[in-house]
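In what follows, structures are represented as structure tokens.
In what comes next, chain A is part of two complexes: it sits with chain B in the first one and with chain C in the second one.
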Partner chain A sequence: MAEKLIKVEDLKTQFTTKRGLVKAVDGISFEIKKGERVGLVGESGCGKSVTALSLMKLVPAAHNERVFGKIIFKGQDLVPMKDSQLKEIRGKQMSMIFQDPMTSLDPVFTIGSQIMEALGIHQGLKGKESKKRAIELLALVNIPSSEMVVDYYPHQLSGGMRQRAMIAMALSCEPELLIADEPTTALDVSIQAQIIKLVRELSANKGTALLWITHDLGIVAHLCEKIIVMYAGKLVEMADTMTLFENPMHPYTQALLRLAPKLERGKGRMPPIPGTVPNLIDMPPGCRFADRCPKCMDVCSQEPQWMEVEPGHWVSCFLYSKDGKN
Partner chain B sequence: MGLGSYIIRRLLQMIPAVLGVTVIVFLLIHLIPGDPVAMMLAGEADPQAYDELRTRLGLDRPLLEQYLSYMANLARGDMGSSLHYGLPTTELLARAFPATLELTFLAMIIMVVFSIPLGVFAAMKRDTMADHGSMIVSMLMYSVPSFWLGIMAILFFAGVLGWLPAFGRASPTIDIQLVTGFLTIDAIIAGNFAAWVDAWKHILMPAVILAATGTAVNARLTRASMLEVLRQDYIKALLSKGVPMRTVLFKHAVRNALIPVVTFITIQFGQMLSGIVIIENVFSWPGMGTLVVTAVGSRDFQVVQSLVLVFALMRLSVNFLTDIAYSFIDPRIRYD
Partner chain C sequence: MSKSPSFNPKDGLLVVSNLKKHFPVETSFTAKVLSKSRHFVHAVEDVSFYVKPGETLGLVGESGSGKTTIGKLILGLHEPTAGSVYFEGQDTSLVKGSAKKALRKKMGVVFQDPYSSLNPRKNVKDIVSLPLRTHGMKDHKELEQRVTTLLEQVGIDPNAAGRFPHMFSGGQRQRIAIARALATNPDLVVLDEPVSALDVSIQAQIMNLLLDLKKEFNLSYLFIAHNMSIVHKMSDRIAVMYLGKIMEMADADQIAFEPHHPYTQALMSVIPIPDPKVEWGGTVLEGEIPSPINPPSGCVFRTRCPAKVVNFGTGDDTVCDRIEPPLIDLGKEHYVACHLFGKDSNGKAKKSKATNRKSGRTKKVSRGKS
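Up next is the complex of A and B:
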């Protein structure tokens, strides 16, 4: 079994807002092994982006955010770390690509200088040497005429090219973990496929572990070995990809999979999940999916346990709990 | 497109603006209600003097011919002469222009040097006492009329404390050779330390008062712009690369935040040119602002005309310089 790279234990991220305390991430635990590709799936507002930002300790400081729990990365807990310590990890051992490539590059610096910035900080590369490496990196992510593009400003590139440049930047120091926060959402479908293929190849070649955040089960089915399903700030199910698709246990996962469009299903409307995601402020106690769950029981007003029901298959639901109804 | 061709293109674009200004300035004398010659002579009803002045001003000739001869004179550096002072306008300008320029330059420097760090500081300390405090002070500065502020400053620093002189550019005892026309620089050239200190003492108060409103508004704008930039995804992306917070703030955030601030500084310069008319009069500063008020009061229209032209050209030059500054700050402008 491969060595573990990052272990998240009971991670909670909370914001204080004028309307109250938002528990965006409310006690989640999971692990990523070295070189493993993991998908984090959930609908909008379920806390998956905040999870990604929390792992890098990049939660927006404007809302008095607080991160609790443990994020053990290569044996070190990131939660109590200061910025000065984190900068040794960010970009060097763990890096991130973002949802919107149009806004995630600084518009007033060239692509090259933004890649070279990371090279300078982490590898001490300067001048010509650094530029040569930047050109190589751009070529690595299949950007044509990379020796010209290196001097381009972000606005001179298309969305797909910018996202490639972001990937080049994120991978410039060969990190061990790449966090991708819906990096293909803003791109059209053909570009999306190219980007996924690229990340998959680079991850396999370099042994980079991947945490791919998306609402699209189709993407993670192709890309990831393990899938984590998140709902309203909590994890509901985690299993390897095959198991999750063949034997989804949590009613929410089952509903999500029913909703994935399939050609063979033919005509007719898709049955939506009734109800809406609960408000992250004033969350009711108990299972958060209870209101929308077709299999809801009395016991669901209590908090379900996050437990391993089969080897490697975790779920948080009373249907599978020994002290529940079963 | 390269920087050189961008500069040339912007210079060419200035030509129609400059010509437009000369037409408006030229027409100024014709826009005065009533007979300009009669008004200039005010009361002296001597018909001979009337005809003489009318011929001298060229008002008896066709309009186009008048404009062409006005332009020809202008090209030779002849801006007519002052009836009030009995001197060529250019001579008056040679004295007043450096005085105004020195004051405006210093006020601009004060504004930029104080407002931008203040705005950046307030944005970084967002929602703390320091932030709210500095923003309240700047709101106050913005709300108080500058002439009142000027009078209060004179009362306090010149009257009560006696630290600074109340008016003028230099003490009567100071006598130095004028080279640049900027007393703070000419005193250094002359190697006269006493004159240098004297010049600074005189310019300090009017420059600070002239800069006050702009500094206040600009600090607030810098703060808002900075907060906007700090919300952007690329800030998070930079931090995720391991770029230290200090570099993110001062290399990336400030540069992006300055783009709207530079626009505002240009607008503020325009405001300063009108503010200077008031400030120069409050402090009896012998510049163009004082001159224009005297000239208007004594119906010295040719002088007014020339001053308006110089003010307009100053404004155009600053707009030009701003555009060049933009192309350094924001690559998207040069390459569009």
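Up next is the complex of A and C:
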């Protein structure tokens, strides 16, 4: 349990665009232990998807992307690795599911052939053996009559079924880390619940570590053991789930928790966070949440440190740096 | 036979009565020749509800439940297959010509996606003033003044009126869409998933804005969304839809905390509450929503209903398959369509309904004003 699976150190992902340098991910560090379920939460544009793509080294090359820092997966740094070396890791030991299963499945191949492709490349399975395994995998993700579905094309399946097929594909080589980028956002709540239950069970049974990227704090509260909160390309807080919900320290986390849609008696206005997320090209110096923060101080024009304020609870905010733990 | 209660057209600002909408399924010419039977998507199937002045009715359901179609039927963007929409007591399908134009002035609409609902080639002033110009406001000074007021009301700097939609963020665009919906001083605004495309922090801003505007202009909202927590926050009453039908309709708190219908109960138990201590996923529904082309006989929810197995395992276990449960009144404006409730006393339940609703209504209105 305590063994490290992946360690990210000062990861920076930058894109050169016509309008300037976009620092989508700007120096983040965290680690995931074996079998641990971690949630990465943030609003759109905070860099959470780019973080996932950087971990898989799938950042689109068209934008002159640059990745700095270290991504140490089982003792090996992925950042300087070549594509040929990455083949051994990507899809086999580390795989990913995306938000929209319709665009991530190839419409002209059957579900089965797409799963069998992965099995062929990484496990050398061929023919009948491979198809048998594909059927097993579809059954594993609770697809009814999987012997038939294996020959279906993606358009013949519903959104929930497609996402299950994606999960089956991602799990085909029994990876040690599964990265999921908003996999249930496009689904209905009742289907979302089915998928979350399935992933939770599979992760527990197979010891698969999980990095679940979402904007919905409600999902990670019930799925993950550890939560990382991201804002404008930086990490603002990281703690185990209970601690984060009971004792959120960063004003942004506090605001997110207060605003997260929940059911409670009594209605009326919710105190919102004023303003919007700053532009990634033209980032203000110092704390990036400063101009929306209700507790902003003079010192916030400098950059806050990412520090451990109590065991396992990391935060980057000047409110907690007074006692010299910095 | 209609299974929904028929509300008096004068019961509210908006009354929808036994509304139906079937869309024909496109088939090839040969298929049409070879088989006489045509297929239909049963998008809305016998739906009745009412929205009282100054009230927000939340319409909640999963994708394919017909909630957006209802919004469009009310606005006159679709023709109903059967049933009627009454606005201020008038049957909207009977209103023609200039009266129809005047009627449309009283209804506004805000759509889900602020990126596609604003014309990218028009500036904000043109967008917001279009409904005004359509309804005969010609004077430029007057138009400009009205646009300025509207933009101020929704929190957009009026100096930005010359800018184009792409220059605004998602939240700001939704504010512009709201300004446009309010341009003609409507009484009713249909809000179709107005905050679903927005981030949590922006969501709260827009929800607050909608609540403030409602109070200020005494608006009525039909709030269509799939997120139960948000619908609950915004609505006075909630109607829960499944496969084109209303399963349960009641006070917002009643739906959220004491749901009666097995579908509402299941829906409530899978909402991801952002609190790890709250139990989650008590009843995860198996399977998926059936095809609206060929909906199940009897109760449309029976194929996934957890209560069907438990309660009808013995005795008459075919009632859910055979008979469509009517939407019955349990009193205090609480309507449920399920055989678990009021199985034998349909007639009685219907009789007691009128009085119950009346008392509930006066209470609601006074609460809305306070």
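Brief remarks on what is shown
The rule is simple: the second predicted complex is superposed on the first by the 320 of 326 C-alpha atoms of A that agree within 3 Å, B and C clash if a C-alpha of one lies under 4 Å from a C-alpha of the other, contacts with A are read in each partner's own complex, and residues count from 1 in each chain.
Simple rule for what comes next: contacts are C-beta pairs under 8 Å (C-beta built on N, C-alpha and C of every residue); 3 or more make two chains touch, one makes a residue touch a chain.
As the structure is a prediction and not an experimental result, all values here were calculated from the model.
In the model built by aligning both structures on chain A, chain B fits alongside chain C without clashing. Contact with neither chain B nor chain C is seen for A:303 once the two complexes are overlaid on the shared chain. In the superposed pair of complexes, A:158 makes contact with chain C only, with no contact to chain B.
In the superposition on chain A, no contact is made by A:174 with either chain B or chain C. Of the two partner chains, chain B is the only one that A:92 touches; chain C does not reach it.
When both complexes are overlaid on chain A, the residue A:104 reaches chain B alone and has no touch with chain C.
Our angle of interest has its tip at the CA centre of chain A and reaches the CA centres of chain B and chain C; in the overlay it is 80°, to the nearest 10. Legend: residue contacts after superposition of the two complexes on their common chain; A:218 is shown touching chain C, with no touch to chain B. With the two structures overlaid on their shared chain A, chain B and chain C come no closer than 10 Å at the level of C-alpha atoms.
Within the complex formed with chain A, the residues of chain B that make contact are 126, 231-234, 236-245, 252, 255-256, 259, 329-332, 335.
Note for the complex: chain A touches chain B at residues 53, 56, 58, 60, 62, 83-84, 86-92, 95-96, 98-100, 103-110, 117-118, 121-122, 153, 155-156, 166, 169-170.
Residue ranges of chain A in contact with chain C, taken from their complex: 43-44, 158, 160-161, 188-194, 196-197, 215-219, 221-222, 241-242, 245, 255-257, 259-263, 265, 267-273, 276-277. Residues of chain C that touch chain A in their complex: 62-63, 169, 171, 199-205, 207-208, 211-212, 226-230, 232-234, 252-253, 256-257, 266-268, 270-278, 280-281, 284-286, 288-289.
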